[in-house]
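Below you'll find a set of structures to go through.
In what follows, chain A forms one complex with chain B and a second complex with chain C.
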Partner chain A sequence: MALDPLRLQDEKPPRAAAPGKKWVRVTKAVNGIDTEVWEEVADDAGGPQWAPRESMRLVSREVPRVDGPEKVTGRAVFTHDVRLPGMVYARVLRSRVPAAKVTLDLEPARKIQGVLAAVSLVDGDIDGEVRWLGRPIAAVAATTPELAEDGVRAIVAKYAELGFAVTEARAAADNAPKVNNRGNVIALSKNTDTKEVDEALAGSPVRVKGTWKIPVQHHASLESHGIVVDYRGGEEATVYASTQGTFTIPGDAAGRLGLKPNQVTAVVEHMGGGFGSKFGMGIEGEAACLLAKELQRPVHLLLDRASEFHAAGNRSGGEHELEAGVSPNGKIVAFKARVTRHGGVGRGSGHPLPYIYARDNAVFVEERCIHTNMDSSRAMRGPGHPQASFSMEGLMDECAYAVGMDLLEFRRINLPENKRELYMRQLEKCAELIGWRAHPHKNRPDLSDAEAKVGIGFAIARWGGGGNGQCKVEVRIAQDGSVEVLSGTQDLGTGTRTYCTTIVAEELGLELGQVRARIGRSSFGAANASGGSTTSPSLAPSVKHAAHNARLALFEKVAPLLGAKASELEVRPGEIRVSASPSRRIAWKDACASLGPNGLSAQGEWQAHLASSDIGGAQAAKVRVDTLTGEVKVLEMVAVQDCGLVLNLLAARSQLQGGMVQSLSYGLFEERVVDPDLGLFLNANFEDYKIAGAQDIPAMKAVFEDDPRGVIGMSEAAIIPGHSAIANAIHNACGVRLREMPLTADKILMGLAARKKG
Partner chain B sequence: MSDPKRPHDDASRGTSLSRRAFFRGAGVVAAGSLVGEAAHAAAHASSLEPVRIEGSVELELEINGARQKVTVEPRTTLLNTLRNHCSPPLTGTKSVCERGSCGACTVHLDGKPVYSCMTLAVDAVGRKVTTIEGLATQGELTELQSAFCAHDGSMCGFCTPGFVMSISACLERNPAASLEEIQRSCSGNLCRCGTYPQVFEAALAAGRAMRAKGGK
Partner chain C sequence: MKNFEFIAPRTLDSVVELLPGPRDQKTRDRVKLLAGGQDLLGELKEYLVSPEQVINLKTVPGLEAFVARDGGYSIGALVTLSALEESASLRASHAMIAESAGAVGSVQIRNQGTLGGNLCQRPRCWYYRHEHAVCIKKGGSECYAYGGLNKYNAILGGGPSYIVHPSDLAPALVAAGASVTLKGKKGERTLELERFFTLPSEGAVTRENVLAPDEVLTRVDVPAMAGWKSTYVKFRERSSYDFALAAVALALRMEGDKIAEARLVLGGVAPIPWRCDKAEKALVGRKIDADTCKRAGELALEGAEPLAHNAYKVPLAQGLVTKALRKLAGA
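Entry: the complex of A and B
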C-alpha cells in the first residue's frame, strides 16, 4: 500500500466557514509533537502584510539579540537565580529502585537543624508504588541547599522490590516482570498484513536489509528543571518556572496550592534550555507547591544533575528492522519496516518511516513499543524524526551502493514528486558547499592504504513548523513616546524577545532601543507553549497585527494635527507624515505627546496569512576517520534550509548551527547506559554522558534559501539530519556501515576488522 | 591542599590542637572575620595536616574588588557562597553539574579561571575573586562581552557567563590567541544550545579588537 503524500492538501475542513472567517490548516503542538489540524480564523484579507524583504530595516536582518548584554554580564535572571526574602531551598529524593513499594520515614530529616519541612511524593494516586527508576519520592526544604541535601540523605526509604526490567531485552523476555498493567510489549499498528510488501520484495532484483539501533538521548538542558513557588499564605502566588510553556504552570500550581488559576502568576523571564523536556510543572513542581503551602514561604526547588538525567525526560530510543527492494533503475519498489520504540514507561514518539523517501510503492510499517521501568520519554527537538532519519538515510546509501548508483541521483529517484525539486536543489547546494564535485571517491569508500580517510555524507529533513491562534499580544504607546510589546510567551534562547522588538520597531518607524518587549508572564496575553517549532509562526504574526493596529490607532489621533485623513498617513523613521505631501509631518515624540496620559493600547491576534508551514532542509558532513584508532573527526558540516520569512538572520543562523551541533553530539557521543541486573543508570552525569564540547566542533556553514512565504518555525528541522549525514560520511570514508549510534571508535574498529576478514 | 571536611583524629596529632580548638569554639559573633583569615591560614598552611572546621564560619572575601563578609558552613562551595550568601546575590555564576564537568560556574581566582563548584569558600579567603558581574567596569562591556553580543554568542545564555570567564582569561594572557587556543581555553565548558561557532567568532573578534586597542 502506498503512503499518502506528505501533506494532505486535499483534505476538507469540517464545515463551511462562518461569515468573515476562513479555514486554515495549522500545526498545533501537543506535548511538543506537531499535529496538523483545521482552524477557523478571521478572514483578514487587507490586514497587515509583511513588507517586501528588500525594504525591511530590522526584521529579517542580522540584529543582535536585545537581551545579549544581560546574558553576557550575568544580569539575566533565570529561574535558578530568583532570590526572594525568606526563601528556602528544596531538593528531592529519587527512588534508587526501578520498581518498588516504598515506605518513608521523614523524621530523621526533620530533626536536622535548618531543615524546615519534608514531604512524601508517593502518597495519593500511586500509593507508594514506584514504577520507574529515579522517580522523585520525597522532598525536603531547608535554609540552605546543603542542608536540604543533608535532609534528603537522612530520609529512611524502605523499598519492597517488585521485580523490574530496565532494558528492552529484559522487558520483552518471557516471564519478564510486568512494567505496568498494560503489558510490556504493545503493538501500535492495526495492519499486520504483509502479503503485498512480501510479494513486492520477492520480486525485487536487489534487496537490502538491516537492523538499526538508536540509543536513548537526554535533553541535558544546562538549567535543570526548576521552580520557585512564592506563596506566603493568602490568596495569591507567583510561580517562577524554567518552562517552555508559561501558561502550562498556573492551573497545576493553583490546584496544588488550593488557589484558583487566576490567583497564580507564572513568570519565565529567561530559561536555560528545554528542547522539549519542559512542559507543565512536573512532580518537582508539585513538590515545591506542597512545601510552600506547608511553610508559607517561597520555596526554590531545582533538580540536581543526576535527578535531571533520571527524572526529566529523554528522546526515545528504538530499533528499526528495515528491508527495501530496489529495481535495476534505482527505484525502491518495496519497503518493509518493523519499528520498536523505547520510551521507558512512556510510548516514545512515532518514528515516521520511511521518512521522506520511497512512499509511492509497496510500503509496510509496523510499530510497537517496549516498556521498561525507566523515566518516560518526552518530546525532544524534532520528536521521532532524527530516529527515522538515521535508519532511512543509512538504508538509502546502502541501496545506492547496492545498485551502483550515485548517492544523490538515487535520492532524486526515490523522493516524492512534490518534494523532488526542493530537496534536490538543497542537496546540490550542500554538495557544492562541501566540495562533493572534487571528492575523489563519491560512490565508493576510500579503499587505499591511507591511515586517515575522508568521507562525505548527506541527509534531509522535513517539518511542519506552522502556527496557531493562541497568542494575544498588546502594544502600548505612552505619551512620552516609549513603546512596549507585551505577551505571556517565553524565550527559550531562540530570540523571541528580539523579534517582538524588531517587528514593532519596524512597523512604527522606531529604533530597537525605543521598544521594550515584556514577555514571560501569565498576566500578559495568552501564548502557546513552545513545542514543535510553533512559537514564531504563532507569535510573530500576532505581534505584527498588534503593531499594525497600534499604528492605525495612532494615525487616527495624529491625522487632525496634520490636517489629513488617517488613511493618508505613513510612518517613516522617527516620524509620521502625509504620504502625498512629505513636508507635512510630525516627529514621533510630538505625535505621542498628543495622546492622553493613558497613551494608547492595541491588541493583536494571529494572522494566518502572515505565517506558513511545511519546510525542508538538507545537510552534509565531511569526516576524517583514523583507521588505526577508529577516531572520527567531523571536519565540516553544511546546511541549506528553507523557512519562509527569516525573522532575524543572526539568531536563525545560530539556531540552525546549534541544531547541527546537537545532531553531531547525538551521532557521535550520546547514549544512556543502564545496568540490567542492578537497575542503575550508570552515566547520569556530564563526565560519562558526553555532549559535544568546543574541540568537537567542525567548520560550519548554514544557508537560508530565499523563501517568499510567511513565518515558519525552523528549529526542529535543524537537528534532524546531521547525525545521519555523519554516519553516511563514515561509510563513504572507510567502508564501515554503522547501524548503531553513537558512532564510536570501537564500532568502527570492529567494522574495519570485519571488512579485512570478509 | 588540605581538606577541611575530612575528620581529624585528635588523639593521633597533638600539634594542631590549639588551631582545632579555636575553630571548634569559633562562634560567628565572637570571632568575626578573624575566622576567615585563620581558615585561610589553615587551608594554606605548609603543614599537610587535615583540619576540621565545624559550624558556621564568617569569612571575608574579596569579590569584584570589594570586601564582603559572609557566614557559611565550611563545606560551602565558592559557587554556592556567591549565589546564596552574598549581598546582593551574585547569580550570574551558574550551577549546572556541581562536580567540575561543565564550566558554567567558572570564576577567576587571582586572575586564573577556576570552577567555583570545586572550590571551597574558605579557600578563596585572601584571594581576589572575579565573577561575571565584575568584568564590565562602570557598566561598560569588555571587548569580549561586546563581541558575544554582536556575534550572537548566547542562545539560552545559561552557559554564557562560564564561557565568557574562561575565554576572558585566555585573551588576557594572549589577545592573539588562535582558534585552537580559544577552543582549548573553553574545552572545560559545555553549551547545549550549540552556540560554539558563534562563541569562537566572538572570541576571535574580541582578540582583534583588544590588539587594535593595544591591550585590554
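Entry: the complex of A and C
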C-alpha cells in the first residue's frame, strides 16, 4: 500500500471549514507527547501583519539575548539557585532493584539530627511494587543537602525481588520475568498482511536489507529536574520549577498540597534545559510537595545527576529491520520495516518509517515495543525522528551504492513529489557548502591505501512546528513610557524572552532596553507548554497581537493631541506621527505621559495567519576516519533549513548549531549502558555517559532559507539528520557501514578488520 | 557521608605517624591521603571509601618540589600535572612525560591533580565505580567485567581482576626508567616505578601497587635520557576529556637511522603499565619503516586475550605503536 504524499499526519481535516474559519494543523504537546491535530481558527487576514522583513529593525535581525549578561555572570536565578527563609533540602532514595515489592523503614532516617521529615513514595497506587530501576521510593528533608543524603542512606529498604529484565534481549526471551501485566512484547500495528510488499520485493532486481540498532539517549539537561515548593501552611503556595510547562505545575502541586490550583503560583524564571523531559512535576515534584506539606516549610528538591539519569526520562532506543527493493532506474518499489521501540516501562516514541522517502510504492511497516524494567522514555527533541532518520538515511545510501547511483540523485528519485523541490534545493546547497562536487569519491568509499580517509554524507529532516491558540499575552505601557510584555510562558534557553521584547519594541518603535519581558509565572497569561517546537509559533503571534492592540490603543489616546484620527497615525522610532503629515508628531515619552497614572494595557491572542507550519531541513557532514585507530573526526557540518519568519537570526542560528552538536553527540558518543545480569545502570554519570565537548565540535555552517511564511518552530528539525549524515560520511570515507550507534572507534576498527578478511 | 576528621600535618613524619601499621591491610582505608583530590573526592562522593581520617598533604612542605638534576628530575608527589605539562625543560628532555601529563582529563583536573595522586589513583572500571557492584576489587568474589560489559577493560595481564590502570603518567614514567620513593614508619624505600605496580594475579587483588598501609609516595626520580627522544600517544573516545582506550609511551635512542635502544610501554590495556620487552628488543638495530611498525605492534600485543567486547583494543594499540614510531621517525 502506498502512503499519501507526505503530510504532518496522514489524515485530512475533519470537515469543510465554517464560513470565516479555516483549518490549520497545530502541534500540541501533552505531557511531552507531541501530537499534531487539526484546529479550526478564525481566518483573520485583516489583523496584524508581520512587516516586510527588510523594513524590520529588530525582529529577524541578530539580537543578543536580553538575559545573556544575567546568565553569564551567574545573576540569573534558576530553580536550583532559589534560596528561601527556613528552606530545607530534600533528596530521594532510588530503588536499587529493577522490580521488587519494597518495604521501607524510615525511622533510622528520622533519628538523624538535622533530618526533619522522611516520606514513602511507594504507598498508594503502586502499593510498594516497583517496576523500574531507580524509581524514587522515599524522600528525606533536612537542614542541609548532605544531611538529607545521609537520611536517604539510613532508610532501610527491603526488596522482595520479582525478577527483572533490564535489556530488550532479556525481556523478549522465553520465560522472561513479566515487566508488567500487559506483556513484555506489544504489537502496535494491526496490519500484518505482507503479501503486497513481499511480492514487490521478490520482483525487485536489487534488494537491500539490514538491521539498525539505536541506543537509549539521555536528555542530559545541565539543570536537573526538580522544584522548590514554598509552602508555609495557609492557603497559598509558590512553586519554583525547572519545567517546560509553567502551567503544568499548579494543578499537580495543588493536588499534593491539598490546595486549589488557583492557590498555587508556578515560577520558571530561568531553566537549564529540558529537551522534552520536563513536563509536569514528576515523582520528585510530588515528593517535594509531600515534604512541604508535612513541614510547612519551603522544600528544595533537585535531582542529583545519578537520579537524573535513572529517573528523569530518556530518548527511546530501538531496532529497525528494514528491507528495500530497488528498480534498475533507482526507484524504491518496495519498503518493508519491522520497528521495535525500546521505551522501558513506557512504549517509546513512534519511529516514523519510512522516513520522508519511499512512500509511494509498496510499503509495509510493522511496529512493536519491548518493555523492560527501566525508566519510561519521554519525549526528546524531535521524538522518534532522529531514530527513523538514522536507519532510513543509511538504507538510502546503501541502496544508492547498490545500484551505483549518485547519492543525491537517488534521493531525488525517491523523495515524495510534493517535497522534492524543497529537499533537493536544500541538499544541493549543502553539497555546495561542503564541497561535494570536488569530492573525489562520490559513489564509492575511498579504497586507496591512505591511512586517513575523508567522506561526506547527507540526511534530511521534517517537522511540523506549528502553533496553537493557548497563549494570552498582555502588553502594558506606563505613563513614564516604559513597556512590559507579560506572559506565563517559559524560556527553555531558546530565546523566548528576547523575542517577546523585540516584537514589542519593533511594533512600538522602541529600543530593546525600553521593553521588559516578564515571563515564567502562572499568574501571567496562559501559555502552552514548550514541546514539539510549538512555543514560538504560538507565542510570537500572540505577542505581536498584544503589541498591535497596545499600539492601536495608544493611537486612540494621542490622536486628539495630534488633531488626527487614530487610523491616520504611524509609529516611527521614538515617536508617533501622522503618516500623511510627518511634521505632526509626538515623542514617545510625551505620548505616554498623556496616559495618566494607570497607563495602558492591551491583550493579545494567537493569530493563525502570523504562524505557519511544516518545515524541512538538510544537513551534510564531512568526516575524517583514521583507519589505524578508528578515530572519527567530524571536520565540518552544514545545515540548510527553512523555518518561516526567523524571529532572531542569532538565536536561530545558535539553535540550529545546537541541534547539530546534539546530534553529533548522539551519533558519536551517547549510549545508556545497563548490566543485564546485575540490573545496574553502569554509566549514570558524565564520565561514562559521554557527551561531545568543545574539542569534538566541527566547523559548522547554519543557513536559513528565505521563507515568506509566518513563524514556525524549528528546534526539533535541527537535531534530526546530523548523526545520520555522519554515519553515511563514515561509510563514504572508509567503506564501513555502521548500523549501530554510537559510531565509535571500536566498531570502525572491527568493521575494517572484517573488510580486510573479505 | 560519614563524618571524618580532617588533619593538616606540618611534617612528613607526622603524616606517617597517622597512617595505620605496615600490615594493617584490612583497616587501611580508614585513613586516606588527600593530594589534589581528583580521585579521592569522587571515591568519597560515590561511597567507595568512607574514611575516619583524611590527611591533607598540601600542608606538608617539600612535596611540591620539582628539581632538575644532571639531566634528570626529582619530582615531588604534589607537583601538579599542569606543572609537568608546562615544563619546557621536561618537554625537551622527556617529551613523553610532559605529553602524558597534558593528556590527563581536562585543564581543571590537571591544575588540581598531582603526580602522586595520578600514580595512586584507583581504577575507572564502571563496575568498580558502582557502589552496588561489590566486585573483586572491592572485596567481592567476582570480576563482573570479565563476563559483563568489558569494552574498556584489560586485554593483557587480566585475571582475576580485569581493570586497566587509568594513569597516563605511569606508562611514560615507566618507559623513562623512573623510580619512586615511599616513606613508611620504618623509613624510606626507593624502587623502580615498574616494580611499584602489581598485577591482580601477583599482588593484593584489591590494590594496584605495593604501597603499604603505612606508606606515602613522596617523589619520583626520572633519570637523564640524553640522546633519547620520546612521545606519548593516547587514544580517547571523546577528545575533550577521556581516559585512554589505549596509549603508547615510546622512547628511542637512535644511531643514525637505526634504533639503538627502545622502551615501549602500553597504557589502557592492562592492570599495570604494560612493558613490551620483546618489542623493545626486536626494535633494536632496525630502521623505522612499515615493516618495523607492524612487527613492533604484533610483538607488543603478543599474548593479548581480548574479552567479549574489547577485541578492538588489539588493532587500536598496534595502530598507536605505529603512530608513535612514525612520530619519532619524523622528530
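Going forward, the second predicted complex is superposed on the first by the 736 of 758 C-alpha atoms of A that agree within 3 Å, B and C clash if a C-alpha of one lies under 4 Å from a C-alpha of the other, contacts with A are read in each partner's own complex, and residues count from 1 in each chain.
The criterion applied here is as follows: a contact is a pair of C-beta atoms (placed from the backbone, for glycine too) under 8 Å apart; a residue touches a chain by one contact, two chains touch by 3 or more.
What you see is a predicted model, and the numbers here were worked out from it, not measured in a lab.
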Quiz prompt | chain B versus chain C as contact partner of A:K71, first or second or both or neither | solution = first
Quiz item: For A:G330, is the partner it touches chain B (first), chain C (second), both, or none of the two (neither)?
Solution: neither
Quiz item: Given the touch rule stated above, what does A:G693 touch, chain B (first), chain C (second), both, or neither?
Solution: both
Exercise. Applying the touch criterion given at the start, work out whether A:T744 contacts chain B, chain C, both or neither, answering first, second, both or neither.
Key: second
Practice problem: Based on the superposed arrangement, let me know which partner A:G318 touches: chain B (first), chain C (second), both, or neither? | Solution: neither
Practice problem: Mind working out whether A:E146 is in touch with chain B, chain C, both or neither, as first, second, both or neither? | Solution: both
Practice problem: Figure out whether A:H270 sits in contact with chain B (first) or chain C (second), or with both, or with neither. | Solution: first
Quiz prompt | Per-residue contact with chain A, leading partner among chain C and chain B | solution = B
Quiz item: What is the contact status of A:F669 with respect to chain B (first) and chain C (second): first, second, both, or neither?
Solution: second
Quiz item: Which positions of chain A sit in both the chain B and the chain C interface?
Solution: 146, 687, 691-695
Exercise. Under the touch definition given earlier, write down the residues of chain A that touch chain C in their complex.
Key: 96, 146, 149-150, 153, 626, 628-631, 669, 673, 675, 677-678, 680, 682-683, 687-688, 690-696, 744-747, 749-750, 752-753
Exercise. Can you check the complex and tell me which residues of chain A touch chain B?
Key: 64-65, 67-78, 80-81, 83, 89, 144-146, 219-224, 270-273, 275, 304-305, 492-495, 650-651, 653-655, 657-662, 665, 685-687, 691-695, 697, 700
Practice problem: Sort out for me which residues of chain B touch chain A in the complex. | Solution: 73, 75-76, 80, 83-84, 89-99, 101-102, 104, 131-133, 135-136, 141, 145, 148-150, 152-161, 164, 182-184, 186-187, 189-200
Quiz item: Once bound in the complex, which stretches of chain C touch chain A?
Solution: 1, 47, 124, 126-127, 129-130, 132-133, 144, 148-149, 151, 235, 237-242, 245, 309-313, 315-316, 319-320, 322-323
